[in-house]
Each structure stands twice: as structure tokens, then as C-alpha cells.
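Shared chain: chain A. Partners: chain B in the first complex, chain C in the second.
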Partner chain A sequence: MNGSTGKMLRVDLTQGKLWDEALDEATLKKYLGGTGLGIKYLMEEVDPKLDWSDPKNILFLGSGPLGGSRVPGCASISFVTKGAMTNGATSSQANGNFGAYLKWCGYDAIIVQGVSSTWKYLYLHEGGAELRDASQLVGKGTWETEDAIKAELGYKERGMSVFSIGPAGEKMVRFAGIFGDRGHAAPHNGTGAVMGLKKLKAFAAQRAPNKLQFVDPQKLGELAKKTTEGAKAFGGGGVFNWGTSRVVPVAEAAGWLPVKNYQTDVFPEKDLFDGQRIRSLFQSQNYPCYGCASHHYELVTVTEGPYKGFFGKEPEYEQWAAWGPQIWQKDPGAAVVLSNECDNLGMDANEAGWLVGWVMECYEKGALKKEDLGGLEMTWGNVEATRALLKKIANREGYGDILAEGVKRAAEKLGGEAVNWAIFTGKGNTPRGHDHRGRWVEMLDTVVSDSQTLQTQMLVMNKDLWKMPNPMDVFNPDHVVQAEANSTGSMTVCDCLVQCWFTSFCDTETQTEAINAATGWNLSLEEVMKVGRRVVNVLRLYNLKCGLTPDKEKPSPRYCSQPVDGPNKDKPIAPHWEKMLDQYYSLMGWDRKTGMPLPETLKELGIEDLAK
Partner chain B sequence: MKSSVAEVKDKATLRVNVEVMSWLKEDFNHEGWDKLVFDQEILRDSSIMDLLQELAEKYPEFKQKAYNDSRHNLMDYCAIIYNGTFISALQDLDIELQEGDNVKLTPGFYGG
Partner chain C sequence: MKIDPELCIVCEACLPYCPMEAISIKDDMAVIDDDECVDCNVCLKSGCCPVDAFVFEPAPWPRSVRNVFSDPRKEHKETKIAGRGTEEMKTNDVTGRFQRGWVGMGCEVGRPGVGTRFRDVDKIAQALAKHDVEFEPKNPVTSLMEDPKTGKIKQDVLNEKVLSAIIECLYPIEKFEEIMNTLKEVSKEVDTVFSVEVINRTDPDGSYPLRKKLDAMGIPYYINGKQCVGLGRPLAKV
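Take a look at the complex of A and B:
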């Protein structure tokens, strides 16, 4: 099949069996791949009433029709499972190389079912796939695991892609993620906890020879170039040239940098975290994903301060935010250390940042004391105490065991006023590392999301195509709702193709051309857009059955509080919230009371049968 | 008594403080990570929009990217913070500038 290997790998860990399963073209056309394919199988195979920790939960990982091609950003991988934070559907994507290598090894996707009695890792290679003993990897961090597997199997740095869990995943920390290719992450909603449940330490895929067939390779090559040129030009090329490394001062200026657990929006040291400064002072080395020419991803050696000599991955914006302003920490070198140690332990940096910031506020206000925290003095910006606390959380030691449940559950357990200081959503999923009080579209998106990550982006390549208000007032509630509802599915298309947003910027037109050049399906632009909306609605149907009902679609009090300073201090979202939800449901074609997609919505998307 | 040419010019214009941030600085021919802050002289009664257009005339790369790219509008490309307040509505660009006002320009980035 053009653009597809035509099969996926089934792995039954309970029985230790592996087998191939054919993929049919009609299903691929309906869901494209990645997240779409994953939610289809989750819906069919995992009873929503089961707890995420039930052995019958599955872990899906998949590429899309452009995976393994030269179209930039399409070597990413999407993980789908019933997640630990919300006990509902999740889809989380990681960049890197795994999506391409997976397809070159002969599979579009993998479904892992059952639970192993001993620790294993899955090895994919040109000749097939096998489960291998991982007992020697237990307790190792994600970077160490990557090194150890490559050494054991004799692969060079880029000759293999490894995605693994760290100690946090092994201990089923609820916000454990899956990490690979030197710090790329699929961290949302406890994907790593599900691997820990299954006693599956890692996925390792050889860079096998590319034998994929595409229907029009020349056209696909032209579209790959067009995608690169689009990424180079979009928004002035800042992301192409710098990735997200230069966003901290930008975010502070516009009032969406999370500072001191949302207690202020002013971070005087913001310029120290400017990526241009970092890349001038620290030693940086480009480490691109397969097929991508951007400077989004770099490795870095700290060259000044107390952590001079530390080598790791350059933090993404959200990691800078978590390990800098959110915990009132002012040394970029220390942020590099905390970011990499959090990755190596295998935890979502966003949730970990909200958690540590909340602990620091509790410590400042006396709700948590040194003796509660195993002797740690969790003062604002205390780097060494934070390093120690992250280890306690990952290993579920002492109070770390409670914190390992995530900030919502930890705050609710501590009770009292401390609940009002925690940043979370009613469904339990984790906001990105922003102060969404300055980004209303993303707050709405985060709270209503059924993928547990973004379903849309305000910055799409073609705003008219997705009927975004233009010009848009980002603090006008009507504009916010229209932008969110009308463009919902734009990010989901990326997640079904498993294409990095930083290369595509939701350029659905070019994506459609590329799908057709790869597969020969001749899908229309409208059909591709409809796939995005279809998948959003399937995710919703599944989550409603999991009990994630509309009453849970609320930001926590701190999350939607009015900023006390900064450029958005006079712009509270809370007074508008309920009306915004009313409008959003109406535009989405959902019943306001039950949250169910209306019959006409289901019919339009061709998923009537799934509502039963 | 007639005013001198310099005095007339002084009364007819005002100065605002402009800071350009992050990769937007490249449009203003500025390399390096140090701050780009300058005073911009502009006719009295000018609005924020007038200031932006004046800057666009002075800096062609900014003009090209902010005004002449069909994929986005000005406020997608460039976020504007006026005297410490984020400007989100197009009509607020009509605010009349005063002597000593601060205008911060930063990439209109919504990702990360």
C-alpha cells in the first residue's frame, strides 16, 4: 500500500506473543494514522469503565501516511492509551526519529496489550520484532536506557531510535511520560505510567533501509521543500531558526509566562533565558529530527555558573518556564540541569513544574513544612532541594508518593486553602507551561480537550480556512470561542499525520497534497479537515463513557484567577467562563447538558455507530 | 515673536520609547541578544498604528513581514504592549500616543 506498510504489530505481554495484523485502506482513509488510528482501537478494545491501571488497557503507538518520507516533521510518533491523570483517552506526540524508523522496520503502528511478569523491551529491526529481557535496565534513567540498549545491540547514535520510561514510569507515577532520541517526549496524561504497568521499559527501532513506496515521490519531494520554506518564513522564521528557545522573554512581555505559580506575571530575569543568549554563551549542537532542517532541537553544555560542564538537551520553552520562572529560579544553567533530570527520571515537565511551584508556595505559607518533605527546604528557586524532591517523586519516597499523584490529587489530599493554590483542570489533565490567563484560547482548549493536549492552535497557516476570527481580539470571549470551536481539529490533523506542528503550522492544504502524493487517495481538503474533527469527536465519545462529563470542564481557582500584575492584569476570564462553554458547545454541535455530540454532528462525521 | 524652526518641530512632534524584542529585532537590523531600545520621534496626534507604519517605512523587512504577508495580519506577527498593557483589539491601535509613552513589540508567537 502506498504510504503505508499495510500492517501493524500486536504485542501481547501476558503471553509473550507478537504477530502482524493487516491494516485496511478504508480505515486509514477515515483516520489517516497516528492519533486517529489509536483512538479507533482504544474505543474498540478498552472498556471505558475499566481503570487505566487494568491489564486490559492498551498502549498504541503509531506513525502516519507521511512517516518515513522526507516531508519535515513526519518522523514523530503518537502514543494513545487510557491515561493515568484523567483515567480517559489520551494522545501524546513525540518528535525525533521513531516514526520513520518504525515504518522502515515494516510497521505503521504497534499495539501493546496485557502485562508482562518480568521487565521487557521491544526491539524492532529489519527482520522483524522481538521482546528482550530488560531486567538490567530497571532503575535506569531514560538517557541511560537509550545508551544501554544501543550498546547492547551494537548501534551507533542515530542508527537506532529508543523511547523508554525512567524510574517514574516504573513506579507508575501518574504523570510519567515516554522519552527518547535524547529528550523528545510524549509526556501527557501518564503514558509512561501505562508502560510501567505493563513492565515494558522501552521501544527500540533500528534505522533499517527505507523500502517504503509513495505514489508520487517527485511531488512529495516538492511538498517537502514547500513545507520547509513555509516553516522558514512563518512568523518571521523565529521557530525555524531558534525553536522555542527564545520564547521566555516574549512570553513575559505578553503576559503568558508562568511566574511563581501564577502569583505574578513579572519575571525580571527573563532576558537571561533568551535562547540567543543561551546559544551564544553555552556550547550548542544541532540535533535535528529525521528530515527536518530547522534549529528547533539542540544539545547543550552549560559553560558558566555552578552547573558548568553539565551536558544535556537544551530545554524547550515549556521546560525553561517550568524550571525558571514557575519556581522563581534565575539561573539558566540550573534550569538545564533540572530539565534534563526530570526527563531522565521520566516525568512530564509541565506537571512537575506546577507541582514543585505549588509545594514551594505551600512551604512559603506554612501548609507544608520541612519535616513533611523529608527535610527538604522548598524555598523559592532552591535548585538542590528541587533535584532531591524530583527523585523522591520519581521513586515514590516519603511525601513524594503523594506528589507522584499529580498536583490536583496532592492538593485535594492536603486540603484547606492549599487547593486554591494549585494549577489544574477539572478533568485532571495538565496545562502546558504557560500562564493561560494571557492565552484564553489555550485555556479553553486545555480544559475541554479530550486528547489531554492541544486540539487547536491559534497560529495556523491559513486562518480563513479554519474560519478563525480575523482580525482576532484574543481577549474577546466571542472571538476566543469561535477560534477554538472553528479550528478544533487543526492540530488533530497534525497528530493523525504525526507531523510536528513546528514544521507544518497546521498548513492543512499542503498536508492534504502530501497525503495524496504519498497514498494516491485523492482526499479533498474538506475530507482531511473532517478527519481532524472526527477524531476530536471520537475522543469525546470515549471520554464521556469514562465519566469525563461537562461538569469537569472547569479550570482550578488559581488557573483562572485574575492576574495581579503584568500586561493582562485587568483581563479576568472567570466571569466569562460559563457563557463561553455554552457558545462552544453550540458551535461544536454538542449537547450542553450531557456533552454528547448531537445526532447530526455524528452523522456528518460518519461515526453514528460509535455513540451506542 | 516667531518660534524658531526647532521649537515648531519640537511642539509638532513627541518622542515615544520603543523596545523591540527577540527575533523581531532582526527586522530592525539588530544582531545579538542585547536589548534594542530607542526613542522614536513622531508627529503629535499620532496613534499606535501611525507609529507602526512609521517604523514599517523605516525598516522594510518589518514592513514586508508585518504588513505584506498574506498568511497573517499585523497583530498575528507582532504583539504590542503599550505602557505595560497588552493590546489585543485592533481598534486600540487608534490610541493617541503621548510624550514618553512606552511601546514594546514582540513576536506574536503562540506555541511552545
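Take a look at the complex of A and C:
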């Protein structure tokens, strides 16, 4: 099949068996791949009433029709499962090379079912796939696991892609993620905890020879170029040239950098974290994904401060935010250390950042004491105490065992005033590393999201196509709701393809052309946009059955509090919230009370059968 | 030069770096046209490849000539210097090789972006040899001649391509016009570009001895003064 290997791999860990299953073209046309394909199988195979930790839960990972082609950003991989944070549907994407290598090994996707009795890892190669003993990898961090598997099987650095869990995943920390290709992550909603449940330590795919067939490789080549040019130009090329760290000072100026657990919006040291400065100061080494010319992703050696000489990946914006301003920590070198430590332990940096910031505020205000925390002095910006705390969480030691449940559950357990200091959503998923009180569209998106990641993007390539208000007032509730509802599915299309947003910037037109050049399906732009909305609605249907009802669509009190300073001081979102949801439901074609997509919505998207 | 197919990520970063435009994308992989590549190592040395996919392994004869002629930092075993000609052409300081009444001549065949095959170098060298010029024995091109009397380049390197090569020779000043006419003729037969440089000592009064001849022939020229500062042996008797 053009653009597809025509099959996926089924792994039954209980029986220790592997087999191939055919993929049919009609399904692929309806869901594209990645997240879309994953939610289809989750819906069919995992009873929503089961807990995420039930052995019958599955872990899906898949590429899309452009995976393994040279269109930039399409070597990414999407993981779908019933997640540990919300006990509902999850889709989380990681960049890197796994999606491309997976397809070159002969599979569009993998479904892992059952639970192994001993630790295993899955090895994919030119000749097929096998489960291998992972007992020697238990306890290892994600970077060490990558090294160990490559060494064991005799692969060079880029000859294999390894995605694994760290100690946190093994111990089923609720916000454990899956990490690979030197710190790329699918961290949302406890994907790593599901691997831990299954006693599956890692996925390892050889860079096998590329034998994929595409309908029009020459056209795909032209579209690859066009995509690169688009990425170079988008937003002045800031991310293309300097990575997402470029965003730190921009975010502070606009009041959406999270500072000191939302207690302020002012971070005077913001410029120390600027990407351009970081790359001039520290030793940087480009570490791109397959097909990509961007300098988005680099490895870094710290060259100044107490952590001079530390080597790891350069943190992404969200990690700078978590390990800098959010915990009131002002040394970029220390932020590099904490980012890599968190990756290596295998935990989502966003949730970990909210958690550590909350613990620090509790410590400051006396709600948590040194004795509660195993002797750790969790003062603001205390790097070594944070390192020690992260290890305790990953290993579920002492109070770390409670924190390993995530900030919502930990705060509710501690109770009292401390609940009001915690940043979380009613569904239990984790906001990204922003102060969303200055970024209302994304707060709305985070709280209503059924994928537990972004479903839309304010920064789409063609604002008219996605009917974004133009010009847009980002603090006008009407504009915010219209932007969110009208562009719902724009990010989901990326996640079905599975294409990195930093190359595509939701350029749906080019994506559509590329899908057709790969597959020959001749999908219209409208049909591709509809796939995004369809997948959002399927995720919703599933989550409603999981009990993620509309009453849970609330930001925590601190999450939607009024900023006390900074540019957005006089802009509270809370008074508008319920009205915004009313409008949003109406625009989405959903019933306001039950949350269910209305019959005409289901019909338009061709998913009536799934609502039964 | 080769690109390791297990490393290339098709980011196209290398494409603008190749002086011969020998890198292209085929079957989702950056590949080098082996026949056009002159082994100059510019791609490798530029550091443009984010995944270090360029692999250079010194080639056996006759391909080995590509690297020594095309990589500006590679030392020629004939001259012991990195560069296509002899040091003497630039300074005349060491051996005093170019005396009054003689013309030192260099033909620089091929430029970045064009390159040259040795079959074109051969045509020019053979044309020069008909005028009984003396090819500079220490020049790398001379070392590739079957016989410096005929100027004929060894058969097995004729198809080798390099970024550029310099033929160096010496002849009495009286032959200047006829040799220039020969070069004009042979330029019609070669499939590349070449420039001609002549090296003279000035006349005792400091004037340039070929000025009148060049003006009469209507050939535009650019005088590039090289000062002998006496650091070598300017008074050497040869």
C-alpha cells in the first residue's frame, strides 16, 4: 500500500507472542494513522470501565502515512493508551526517529497487550520483531537504557531508535513518560506508567533500509522543501534557528511564563534563559531528527556555574520554564541538570515542575516540613534538594510515594489551604509549562482536551482556513472560544500524521498535498480537517464512558486565579469560565449537560456507530 | 567522498556546500555523484552535516589524484606544500628561477563550480610541449606526465576530475606570442575554463617586459606585483 506498510505488529506480553495484523485502507483514510488509529483501537479493545492499571489496557504506538518519508517532522511517534493521570484516553507524541524506523522495519504501528511476568523489551529489525530479556535494564535511566540496548545489539548512535521508561515508569509513577532518542518524550497522562504495568522496559527499532512505496516521491520531495521553508520563516525562524528556549523571554514579557508556582508573573532573570544566549554560551551540538533541517533540538554541555561540564540534551522551553522560573531557580546550567535528571528518571517535566513548585510553596508556608520530606529543605530554587526529591518520587520513597500520584492527588490528600496552591485540571491532566492565565485559549484547550495534549493551536499557518478571529484579542472570551472551537483538530491532524508541530506549524494545506502524494487518496482539504475533528470527537466519546464528564472541566483555583502582577494583572479568566464553556459546547456541537456530541455532529463526522 | 546511508537524514544542509554540485537527493537519500566528486572534502570539513554522515577514505590510484589536487589543505608529495603550484611561482625568491629573458608560465585549469578532467589538462600541456617549453619538474601536473618532452598525461588519470590543476613551464621570452596564440587555439577544444599567468623579472629600470607584446596582441592583463624582500636567495645563480 502506498504510504503504508499495510500492517501492524501485535504483541501479547501475557503469552509472549507476536504476530502481524493487516491494516485496511478504508480505516487509514478515516483516521490517517498515529493518534487517530490508536483511539480507534482503544475504543474497540479497552472497556472504558476498566482502570488504566488493568492488564487488559493496551498501549498503542503508531506512525502515519508520511512516516519514514523525507517530509520534515514525520519521524515522530504517537502513543495512545488509557492513561494513569485521568484514567481516560491519552495521546502523546515524541519526536526523534522511532516513527520512521518503525515503518522501515515493516510496521505502521504496534499494539502491546497483556502483562509480562518478567521485564522485557521489544526489538524491531529488518527481519521482524522479538521480545528480549530486560532484567539487566531494570533500574536504569532512559539515557542509560538507550546506551545499554545499542551496546547489547551492536548498533551505532543513530543506527537504532530506543524509547524506554526510567525508574519512575517501572514504579508506575502516575506521570511517568516514555523517553528516547536522547530526551525526546511522550510524557503525557502516564504513558510510562502503562509500560511499567506491562513490565515492558523499552522499544528498540533498527534503522532498517527504507523500502517504503509512495505514489509521487518527487512531489513529496518538493513538499518536504516547502515544509522546511515554511518552518524557517514561521515566527521569524526563532525556533528553527534557536530552539524553543527562545520563547522564555517572550513568554515573560507577555505574562505567560510560569513563575514561582503562579505567585508572580515577573522573572527578572528571563534573559539568562534566552535560547540565543544559551547556544552562544554553552557548547551546543545539533541533534536533528530524520528529515529535518531545523536547529530545534540540540545536545548541550554546560560551561559555567556549579554544573560546568554537565552534558545532556538542551531543555525545551517547557523544561526551562519548569526548572527555572517555576521553582524560582536562576542558573540555566542547573536547569539543564534538572531537565536531564527528570528525563532520565522518566517523568513528565511539566507535572514534575508543578509538583516541585507546589511542594516549595507548601514548605514556605509551613504546610510541609523538613520531617515530612525525609529531611529535604525545599526552599525556593534549591537545586540539590529538588534533585533528591525527584529521585524519591521516581522510586516512590517516603513522601515521594504520595507525590508520585501527581499534584492533584497529592494536594487533595494533604488537604486544607494547600489544595488552593496546586496547579491542575479537574480531569487530572497536566497543563503545559505556561502561565495559562495569560494564554486563555490554551487553558481552555488543556481543560477540555480529551487527548490530554493540545487539540488546537493558536499559531496555525493559515488563520483563515481554521477560522481564527482576525485580529484576535486573546483576552476576549468570545474570541478565545471561537479560536479554540474553530481550530479544534488542527493539532490532532499533526498527531494523526504523526508530524512535529515545529516543522508543520499546522500547515494543513501542505499536509493534505503530502498525504495525497504519499498515498494517492486524493483527500480534500476539508476531509483532512474533518479527520482532526473526528478524532477529537472519538476521544470525547471514549472519555465520557470513562467518566470524564463535563463537571470535571475546571481549572484548579490556583490555575485560574487572577495574576497578582505582570501584564495580565487585571485579566481574570474565572468569571468568564462557565459562559465560555457554554459557547464552546454549542460551537462544538456537543450537549452541554452530558458532554455528548449531538447526533448531527456524529453524523457529519461519520461516527454514529461509536456513540452506542 | 561518500555519505553513510545509515546516517543521512535528508535535511539537505550539505547541498549548497559542494563546489561541484555533486550532491543530490535520490530515493530519499543524499547521494554523491562519484564521477563528478573531486574529493575536495569541503562538505566534510565544513561541518555542515548534523549527523556526521560524510565518510572519506583515501582512494587508490588513479582516483587518489582527485583529493591531492582538490583539497586545498592537502600536501602534494612532489612540492611538499599544500597548493597546486610550486612556491617559486609566487615568490621567485628561493631559487631565482625566473631570470631576465625568460617567461615563467602557469595555466590554471578549472575553477570551483566547473573543475577539470585531466584530459583537458593533457590537451593544453601537449600544445605547450610543441614549443619545447620546460615543464617545472617539481610541479604536481608534471609528475603526472608520461614524458615531460611531449606533455602527455598518463593514460589512466585522463578521466579523473579535480577542482583545478596548474601547469607550470618556462621558455625564452621570444616564444611568448606564438605560445599565447597556441593557447587561444587550444582553449576552443577544452571543456572547462583556464587562466594564464606569466612570471617575469622586471627590466632593470623596473618596467614590465611583456607590456608592449600584450598590448600589441590586445590581451587584457592584470599586473600582480610580488616583492622580493630578500628573505630567500634573490641573487642565486642558476
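By our rule, the second predicted complex is superposed on the first by the 612 of 612 C-alpha atoms of A that agree within 3 Å, B and C clash if a C-alpha of one lies under 4 Å from a C-alpha of the other, contacts with A are read in each partner's own complex, and residues count from 1 in each chain.
The criterion applied here is as follows: a contact is a pair of C-beta atoms (placed from the backbone, for glycine too) under 8 Å apart; a residue touches a chain by one contact, two chains touch by 3 or more.
Keep in mind the model is a prediction, meaning the values are calculated, not measured.
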item	value
Clash or fit (per the criteria above) of chain B with chain C on chain A	fit
Chain B versus chain C as contact partner of A:476, first or second or both or neither	first
Residue contacts on chain A - larger count, chain B or chain C	B
Inter-centroid angle chain B-chain A-chain C after superposition on A [Cα, multiple of 10°]	70
Partner chain(s) touched by A:462 [first = chain B, second = chain C, both, neither]	first
Partner chain(s) touched by A:246 [first = chain B, second = chain C, both, neither]	first
Contacts of A:316 with chain B and chain C, given as first, second, both or neither	first
Partner chain(s) touched by A:293 [first = chain B, second = chain C, both, neither]	second
Chain B versus chain C as contact partner of A:170, first or second or both or neither	neither
Minimum C-alpha spacing, chains overlaid - chain B and chain C, in Å	22
Doubly contacted residues of chain A, that is, touched by chain B and again by chain C	none
Residues of chain A that touch chain C when the two form their complex	69-70, 72, 156, 158-159, 207, 209-210, 217, 221, 224-225, 228, 286-293
Chain A residues touching chain B - in the complex, by the definition given at the top	233-239, 241-242, 244, 246-247, 249-251, 253-255, 271, 274, 276-277, 280, 316-318, 432-434, 438-439, 441-442, 457-459, 461-463, 470-476, 501-502, 566-568, 570-571
Residues on chain B engaged by chain A in the complex (per definition of touch)	21-24, 26-27, 32-33, 35, 65, 69, 71-73, 75-77, 79, 81, 84-86, 88-90, 104, 106-112
Chain C to chain A touching residues, read off their complex	5-7, 9-13, 25, 27-29, 50-51
